[in-house]
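Below, chain A partners chain B and then partners chain C, in two separate complexes.
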Partner chain A sequence: MRETALKKIALRWIIAFAVMSLLPFFVPHGWLRVLIIANFLAIFAMSWDIMSGYTGYISFGHNFLLGISAYASVLLIHHFDVPLYLSMPIGVLIAAVGGVGFVLPTLRVRGPYFTLFTLGLFILFERIMITLGPITGGTRGLFGFPTVLKGAVPNFYLTLVLVFAVAFALWYLGQTDFGRVLNAIRLDEDVVENSGLDTTRFKLLSFLMSSIAAGIGAVFFIHYLGALCPRSVFAVFLLLNIIIASVIGGMGTIIGPFMGAYIITIILEGLRAVAPGPWRIATYAAIGLIIFILRPRGIFFEIQRLFRRRR
Partner chain B sequence: MIEEILIVGLATSALYLVIALGLVMVYSVGRVEDLSVGAYLMVAAYIYWFLAEGGPYLSLPKGAAIIITILIGSAISISVYRGFIRRLLDNPTAVFISTLIFSLIVENVLAGIFGEAPRSVHPLVYGSVTIGGITITLNIVIILAIAWAITIILITFISKSYIGRAIRAVSINPRGAMLVGIDPEKVRILTWGLCGALSAVAGISLATHTSISTGMWILPLILAFIIVMIGGLGSIGGAILSAHIIGFVGAFTMVMIDERLRGVFGLLLLLVILIFRRRGLFGRE
Partner chain C sequence: MAKVIETRGISKRFGGITAVNSLDFHVEEKEIVGLIGPNGAGKTTVFNLIMGVLRQDSGDIIFNGTNINNYPTHKRVKIGIARTYQIPKPLKEWTIFENIRISMIPDGIKSIRRIGGREEDIRRIAKETGLTEYLEKYPDELPIGALRRLELARALANDPKLILIDEAFAGMTKEEIDVISELLKKKRKEGMSFIIIDHNLEALANIVDRVIVIHLGRKLAEGKLQEIIKKEDVKKAYLGE
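Our next item is the complex of A and B:
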């Protein structure tokens, strides 16, 4: 029984990967670049989900994790001529350190205090990066550093492998007992603590996984763009995209945020023709808000329920 | 130098205090954080500018423009509360996220209507005065006076009036308040309206002090949020104290170090205070 269920799930992952790897044959090149960005957004959203969606510690500081790893990698290349294959792992490592740093406040504070703490770190770091103009390029940023691959199709396959690797790893983590404990922490941390589990260790591991995934996404993202400025990693809009993708897909499901990232990217691109400029963002945010209010558990949950009912 | 820090510090503290008071009251009756206060503030700033300076047909006298703006401000905050916050009251996380998304909508709607370029707004009053050797604009003096008048009126209102006592009752125990015949829902609507009005006043003050732009909601929101957190959620006295800490630290940074670092030391202070006192200075454990 369990064996067949596992086979079924593995089959679903393989089918999903296969279907998506066929996309470059059907989609025009312009759309491929959109899908590449969707893949990165999916990585960011899923990494946010394993931290905030599972444990309930809502972080508004995900950009901080993205920012430190992206800046670390680019600054190492720019100032010390470190090769790409070294600078990128170091960037991920720095993100992991930052993620562990997020655990420290949770020893003391919860709820809105934690959220403000993370938001504070994010804004603080943005300001510092802007003020350190001579080193970081200030608001103009840095450019002209190497990219991992060139061209839309190779980059699409690179991001597809990345996004599926991250998705499968985090999803599997969520299915284990570890994921169940994280869910329990969200529901009532004190109860988990009182039943003899060291919640700090679980949070540590969850935040570590989150920041490593975010760091991997960020360094590949920045070496796909080939240019780094505060706006590319520290934009409030990026933070909102990560959160909207996660909540409309369904927090605490990993697959939900994956789907959410694709949905909001398609909405944003689809609106490009209909609503110009700011109206596009306003419409998109309004759609996101309405979905969130009407279906707070997310689209993935609704799809699951639909299938369950049919059976 | 010191005089400048003093004046700028006092004025900005008072301005942010007004926004923070709205957040404090909303938290105490709803137990949620409304992150749209920045949006209320920004809408009010644009509406005031539109009413008072929006072309040949719409140049209302400033007093009328202010009153209409405040009314619209509370109408918006009440509609946001009735529209979706009310459904999510049992889930503070959802309120957090939805009000933030709402702010994004407001920002882009305003950018769509009025354009993304910042616009300058005339001061409420022209002229300047010289106090102790430095010259300050009368506008700052007026803003300071209005902010303090509102704070004092609000505190008196909450501690003395019947409605204010109802607000306190709901903040202490909604069920108990219901038992003595107070409708918590009505109190919440009223409080959200007050919060919108306070944000509107802050928005008008901020607009006439500097300028208006579609990004102006973020910094006041973060600062007000920090003030509320440092002071302790739901504590008015704490908010007054922390508003002045944040205001003076900000003014000191601006005058003495670097204008771009405004806010950085306030944030550092927040991180330090939260580590040592996790419910803020005056928060209830």
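Our next item is the complex of A and C:
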């Protein structure tokens, strides 16, 4: 990248961060808590994107990564009195090791087989966590463990720094030749292999990065909630939100899923007042579907096109 | 002359069909060999076996004296074998420049730190294959002949010792055929070897040193093209006479 282009991009990131860090001065505390959730969803969606959005290997098992890291951190605290600052990095490590370890054998299978395997993994681990009631608290889960920070404003800033750090790191990866190759794998894996590139290694690395980012999001998420039950990490609705945020934001762009996470969180929260109960979810699904039908390449792509046209 | 590649009794079965049947052949350094035969003879399967896209049921493939039976495709490319596809497979969302560059991207984690390919090398390959005017365009804006040349450009960008060309001239004009023929001859002089599948025997006659005729997965004949096509069994298999 040329220096001027680099400066321009750095400036954009700084402006985006600065604008968002002003939000606590304008947004009521109730909404600030909504935005905290949006930040977490954005981390989950972006970490899904670096694997599935880029390579086209659609994973339905992202919750598995979230689950093992969150459970690892909480169980270490609950049963072994491990301090928070140790249990959290261990949780991330577990996500990386577990993620790569379990996915390794599946990276040679393509398409729906990969997707089904990841879905199976996610369901299996939810069942295991429920069955291990005496250790994990079963369906009721565990609570009363420490949180990183207290209060809406500090937590908003914490998650804002986190989400921007993850976004910048993954976005940067996407701009390198590494990201280009992942994108090429989605377009035609045979061609990539035929160019002398080890596609299995690229997929493995992208999964490793996805696992680490997901793990970071998950341990901070669970130590924000201060309570862990299977539903908080293994919910199918969470998986759907991760995928919907990525798809309507724009898969394979990192920034798209970031925007998507904010859009769907605001839609879901905004609908509470106007569409109660099941209508809320139905309306949300309908809005998501309409965006997808009208703009299948995602909102970020449209924004980029708009800017290009102005120039 | 040293053998660049040699197959020793390679066979490949798909269910009840034997696509390649105990095939022995070799290609020497700086040699252009035509692989001909009727449709369904097993020509593309031979390419897929050499590239490791398919694994042979029996037999050995030797490249530069090394048995490469257990090498995955990307490793075979790295040691110097490249191929083009019968139906061009460009990366549709990438420019022609980037499509050539992919072969120069470093493997694995190194790709994060280092940008692959020097612009001058990409431009040189584009010039050789007549793609300079298309460098900033996308594959769907190119005619079929140019897409075939892109296949060759991408193979050249791997800096190989041997290129397997699946349908070199199909869909090309007379001028394009001449340009490619000259390029292949030049590359041969520089030390490259080629195996070319094509049905255009006239165009092949101009560049190949030798042809191998296969029929139903077996080697039917081998030698100079002009002599081979006079043989009765070749005529029968190839032309259905």
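Quick note on the criterion: the second predicted complex is superposed on the first by the 305 of 311 C-alpha atoms of A that agree within 3 Å, B and C clash if a C-alpha of one lies under 4 Å from a C-alpha of the other, contacts with A are read in each partner's own complex, and residues count from 1 in each chain.
Here is the rule we go by: a residue touches a chain if its C-beta (ideal position, glycine included) is under 8 Å from a C-beta of that chain, and two chains touch if they have at least 3 such contacts.
Quick caveat, the model's predicted, so the values are computed rather than measured.
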First, second, both or neither for A:D190, with chain B first and chain C second: second
When both partners are placed on the shared chain, which of chain B and chain C touches more of chain A: B
Partner chain(s) touched by A:R308 [first = chain B, second = chain C, both, neither]: neither
Touching partner for A:P112 - first (chain B), second (chain C), both, neither: first
Partner chain(s) touched by A:K8 [first = chain B, second = chain C, both, neither]: neither
First, second, both or neither for A:R180, with chain B first and chain C second: second
Touching partner for A:F202 - first (chain B), second (chain C), both, neither: second
Overlap of chain C and chain B interfaces on chain A (superposed complexes): none
Residues of chain C defined as touching chain A within the complex: 51, 53, 72-75, 77-78, 82-83, 89, 91-94, 98, 102-103, 105-109, 111-116, 154, 157-158
Touch list for chain A against partner chain B, complex: 56, 58, 105, 108-109, 111-113, 115-117, 119-121, 123-124, 127-128, 130-131, 236-237, 240, 243-244, 247, 277-282, 285-286, 288-289, 292-293, 296
For the chain A and chain C complex, residues of the former touching the latter: 173, 176-178, 180-181, 183-184, 187-188, 190-199, 201-202, 205
List of chain B residues in touch with chain A within their complex: 33, 84, 87-88, 91-94, 96-98, 100-102, 104-105, 107-112, 116, 214, 218, 222, 225-226, 229, 233, 258, 260-261, 263-264, 267-268, 270-271, 274-275, 278-279
